[in-house]
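Chain naming follows the written order as A, B, C, D, E and F, and within any one chain the residues start at number 1.
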Amino acid sequence: MTRDELKAYIESNFVGRMTLLESGKVEPMYEIKADDLIEVATKLRDDLELKFDFLCNMGGVDTRERLEVIYNIASTSKLHRLDFKVILGYDSPAVESICPVWPGANWYEREMYELYGIDILNHNDLRPLLLPEDWDQGHPMRKDWDAPDFVRMPEL
Amino acid sequence: MSEYLSVLIFIAVGTGIVLFTFLIARLIRPRNPYPEKGVAYECAEEPIGDSWIKFNPHFYIFALIFVIFDVEVVFLFPWAVAFGQLGLFALVEMVIFILILFFGLYYAWKRGVLKWV
Amino acid sequence: MGLIKKVPVYTENIPGGALVATSLEQVLNFGRAKSLWYLLFGTACCAIELMCTGASRYDFDRLGMIYRATPRQADLILTAGTITKKMAPRLRKLYDQMAEPRYVIAMGGCTINGGPFYYDSYSVEKGIDHIIPVDIYIPGCPPRPESLMEGCIHLQEVIRKQKLSDWQEK
Amino acid sequence: MPLVLMSLELIEIFRWAYGLLAELGLPPVWVMLISYGVIGVLMFGVLALLALFLVWWERKVAGHVQQRFGPMRNGWHGWYQTIADAIKLLQKEDVDIIARDKFVFFWAPVLCFVAAFLAYICIPFGKDLIVADLNIGILYIMAVTTFTVIALLMAGWGSNNKYALFGGMRSAAQAISYEVPMVASILTVIIYAGSLSMVDIVQSQNSFFGWFICRMPFGPIAFVTYIIAATAEANRAPFDIPEAEQELVAGFNIEYSGMKFAMFFLAEFINLFTVSAIAVTLFLGGWEGPWLPSWLWFLLKTLGIVFLLMMFRWTYPRLRVDQLMEFAWKFLVPVTFANLILAATMKYLGWYW
Amino acid sequence: MGLYKDIKNLLLGMKITGKHLGRHAVTIQYPEEKWTMPERSRGIVVLLSDKETGELNCTGCLLCMRACPSAAIRIDAPRGEDKKRHVKKFDINFGICCFCGLCEEACNFCAIRMAPKYEFSTENKDDLTWDMHKLQEMGRDVDYVDTRKKKIPKPKPAIEEKPASETKPAEVKPDTPKQEENND
Amino acid sequence: MGKLRTEEFQVNMGPQHPSTHGVCRLLLTMDGEKVVDVVPHVGYLHRSIEKICENRTYAMCIPVLDRFEYVTAMSCNYVFALAAEKLAEMEVPERAEYLRVIMLELNRIASHLIFYGTTAMDVGALTPFLYGLRERELIVDLFEMTCGQRLTYNYIRVGGVSRDIPKEFVPKCREAVKIIGEKLSDYEGILNENPIWIARMKGIGLTDPQKAIAWGVSGPVLRAAGVKHDLRKDDPYSIYNKFDFDVAIRWNGDCYDRYLVRLDEIRQSLKIITQALDGLPEGDVRAKVKAKFKPPAGEVYVRIENSRGEMGVHLVSDGSTKPLRVKTRGGSFNQLQYLPEIVRGKGYLIADLVAIFATFDIILPEVDR
């Protein structure tokens, strides 16, 4: 499907569940409510017209105002692509694990959990992935994160 | 039997020289043991569990098959040496002997013993 | 054990003893310098250059340097690549497990000071000299194979200047 | 002068020295003890030099196969590179490993070396140039070199390291598996030689077409199977699974450093030379050859086989451990025994030359 | 049949390695013979000096310092009474430098350059922070095309410069738009 | 002989192990020689590249991202430049696009040559490793001639490439292409049909295409399992639609096929380079970019076909000179995740695991970042 067809299709089939955002520059970027995530994701994957079977990438974003979880998905058979995100607040951010939909999300979610402190619900294995085993300094990818031995780039 | 004396002497000489080099090395090498140094090397990680473990038993089955064949080979050596003087009877008998053993090997093969894992 | 350290002391009073001690020193240093077996230890970009140095174009073997996979038989750690905070205890462990005499070459910016990851990085160790003693620093990101070889030749020269009496200090 | 050199048989020197010793008037037992002792020390020297040379040569061969040079910076083409290595290893610390079996750990390299060393009692380096021509020669060598396996198993067990244990187990399984086809290949020769003595075996192949490798059709088969089994026995690639670097880091010698490691290293190369020497003795006519002195012929032929084994190492990938076993039991053992029966039948029928 | 094929392929492998055995090595034996570095090689950062006066070209504009992604360059160039900057300190820490060449591109005054040199191992970490003088010393023998605008070329060096400018036209060309954009 | 059970035990493979290609730690649960389970532990090379990029300007990000996947640093440069260009809706001169394609494909070959070498080495053949690296040097020479570095290029920039190629580049590149094309027969001769190699590789590490897609596996690993998925064809970026090349594909999904796919890809890359060299237009190599490059606020995810699969960047801009978020994605990340799936319970030996790991061509910076 071309980009416009995709937009139209989603508009007609996901009424109220996926909101088109303006920030997406190339591919359409949608917002999905956190509690609706699994259902929409499953539908995106299983819909015969869409067939988004491939999770390219996912990760957290700290925009200084809120936390976001971005998902970039693609279809290996239909060759189209789509982005969507879940917007979260700073206090106790949590998002449902989408491993049941795309198992490849496993490590991305672990990474997000430790780097952004976004809790992943129903994830069976949230051991630290990238940080040392004895890390106790919080979630370093947050913009306001700081630590005693963290050297910021000098403003030159 | 004087030739066999050489074996003994060689064992003594070989062991002696090796121990002598160890001694020399002991005199000139540095020595600085501390507990971390003695930890078993396991790819820069702390080893998990004991390394003296019950190992895969298939290893012993190989050893058993080997013993059978080695015994056979022991019989074959005098047969081979004296083969020139023995004649047809020895040939046929040894062929039968080998075939019996191969039947054993075949049996082991079919039972899947000849698999390392 | 440790007898060799006393050789210069014993030979001091014998005529020509100093000569014996020096030539012994030279022979032993020659062995150490010319046969640096390095530990196969590469973490990041520098490891690729280390591989290239071992390959046909540059041929590390010419300098008498071959790799050993186990630290027990290695004389030299070429810390090829970034050492992160998670990796630092492992590097220390590897260094501990090496048999003496042992040497360390800090290859590339990351190991010297953290390199491009000095600022703003929450997980990179800023210089491996906090973890293990370093003999030679080779700047570069990553250093060219020639730089690496130059560093190794530099290390060989350093080793050849060592004195019998201060061998076991390190 | 060159002609004199060419006909120089080393054995004359030994005969002359023995004569001197005998004239001293010592009791004969003492003469024997002293002469064997001196020969043992000499042999050690020769083997150490040989191993140093082989290590250097291996590195050169590897280098040139890979379009590089190998050691270059110590002497002409790095000829004293391995001497530097030896001096280095001599002054390398011997790491004290926690919780190991100290006794086993210490004696493993000694046993490994001695086992390799003992084989040299009855390897004929030249005409009459043999320490002791044991009448069970080849059987003795087979028996003695197998001790290496026990040494490797000891090393693996004593190291208190899982990788070392893997290496030890693998080496034991490998060595016992390849022992059978190796012996079977050797037996093919023995049927024709009619003797176990190494000297007799060489003397029974007195012309080029008398070499056992040229005896059709079983000779070449026996030779090839022997070379394969020997490569495995010497733990050489593609059968070097006990110390497979990419799997087991360094295998059984993972915890060894300094001189103890050097002994394993030395034994490995001595074993390499041993299996090549046996191949030469059994299949390639031993010291036989025109023009040159016999020991030189022997050396050249052996180094040729060593070179072949080195080329194997630098060409082929490594077999997996179970494939290695299956290859031994399901291919080599049947083939060698069939070949043995074939050889025996032909000998009985007289269809050979 | 399978056996025959296997043996053939094993021998083929031997043939290939054997073939290489006879060929000459591709090795460059480093300390004796050296690889001629291409002139664009980013070996080390140097400061260039004026070809006539021998003084540093650097004007202390801090462009390179701001362009450096790893903040390895430290410049102290306060404005003097004549409103011009005078370079007091120009340190580069090669333990941080990532040899990306952005400083060279940022510079409008032919003052900083990546030179094809690479032999700088030291025993002391502090030796890797080079000051102005060492950087200048290293840059003495680096040939470059003077593209500064303020200089009025005198007749004498113009002749000398000609062959140099012919050898690297490719290098000058992409630099030109870069300079314009930095002047914005 | 299933009745004979022995103790299961755990062995660490890595972080310092000859065949983990860097600092991956595989915690193996073993039963004798058999691998029962494998748990990858990563993060030993986590250098916080994403955090660093958030505090650098767009131009400065590129040298940092060079270190993200150093084996194919050109791709890292390119994917970030592409994302920034998409954000700023910038046009790139045609010559620059051609140069980019040449560099990307050369780098793909260089990466596959390293793959060839390391895989051969992991399986025990030492000489092919040096042969692979020998030809890689030719490519590295070309890079050094063009951008001055052997490994971290910083060549492809936002708006084009940093410099035009030197004069002697084109003939030298043609020569390198020719030599590599010739040497490929050597590579294949020494390994492809070698019975030991086949025994070690065939039927080992079977990947299931549907599962692989679900796990996000991409690149040669996926193509070896029979999925014709190549972003150069499926989602063409740059000017790949101008070139005539085939997608290398195999169907069995075992180690041997993964190896063959990569060798085929070298061939296809050579083909693309030849076409690109033939069609190389004259002109500028870099669009005008302001010194203070500020793309408008927005976000974009771009992906390209790297030698290890899909490489992508999700770039979020808030309209300032520095990106708000750079989320990188490397093929190895998903492949390493998928690795336990195909090893667990299949009864592979350590040697098989080494071969699988090698043919997945995992390198750790891409996983750890």
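Here is the rule we go by: a contact is a pair of C-beta atoms (placed from the backbone, for glycine too) under 8 Å apart; a residue touches a chain by one contact, two chains touch by 3 or more.
Please read all numbers here as calculations on a predicted model, not as lab measurements.
Chemist: Taking mean CA positions as centres, which chain lies farthest from chain C?
Modeler: Between chain C and every other chain, the largest centroid distance is to A.
Chemist: Where is the C-beta contact count highest, in terms of which two chains?
Modeler: Ranked by contacting C-beta pairs, first place goes to B-D.
Chemist: Average the CA atoms of each chain to get its centre, and name the chain whose centre is farthest from that of chain D.
Modeler: A
Chemist: Rounded to a whole Å, what is the gap between the Cα centroids of chain E and chain F?
Modeler: 28
Chemist: Round to the nearest whole Å and give the separation of the Cα centres of chain A and chain B.
Modeler: That gives a centre separation of 59 Å.
Chemist: Round to the nearest whole Å and give the separation of the Cα centres of chain C and chain D.
Modeler: 35
Chemist: For chain B versus chain C, what separation do you get between their C-alpha means, in angstrom?
Modeler: Using C-alpha averages as centres, the distance is 39 Å.
Chemist: Where does chain A touch two or more other chains at once, residue-wise?
Modeler: Within chain A, the residues that touch at least two other chains are 130-132, 140, 152-154.
Chemist: Please set out, as single numbers or ranges, the residues of chain D touching at least two other chains.
Modeler: 62-63, 65-69, 72, 89-95, 162-163, 245, 249, 254-255, 258, 314-316, 321-322
Chemist: Which residues does chain E have that touch at least 2 chains other than itself?
Modeler: Expected reply: 10, 13, 16-17, 20, 25-27, 29, 68-71, 98-99.
Chemist: How about chain D: which of its residues touch chain E in the complex?
Modeler: Contact set of chain D toward chain E: 61, 63-69, 72, 311-312, 314-316.
Chemist: Quick one: which bits of chain B touch chain F in the complex? Just the residue numbers, please.
Modeler: Residues 42-45, 47-50, 53-58, 111-113, 115-117.
Chemist: Would you tell me which residues of chain F are touching chain C in their complex?
Modeler: Going through chain F, the ones touching chain C are 15-18, 22-23, 43-49, 51-52, 54-56, 63-64, 67, 70-71, 114, 117, 129-131, 133-134, 136-137, 140, 150-152, 364-365.
Chemist: Spell out the part of chain D that touches chain C in their complex, as residue ranges.
Modeler: Per the stated touch rule, the residues are 59, 62-63, 66-74, 78, 81, 83-95, 245, 249-250, 253-258, 261.
Chemist: Going by the contact rule at the top, pick out the chain C residues touching chain E in the complex.
Modeler: 56-59, 62, 109, 112-116, 118-119, 127, 129, 134-141, 143-147, 149-151, 153-154, 158
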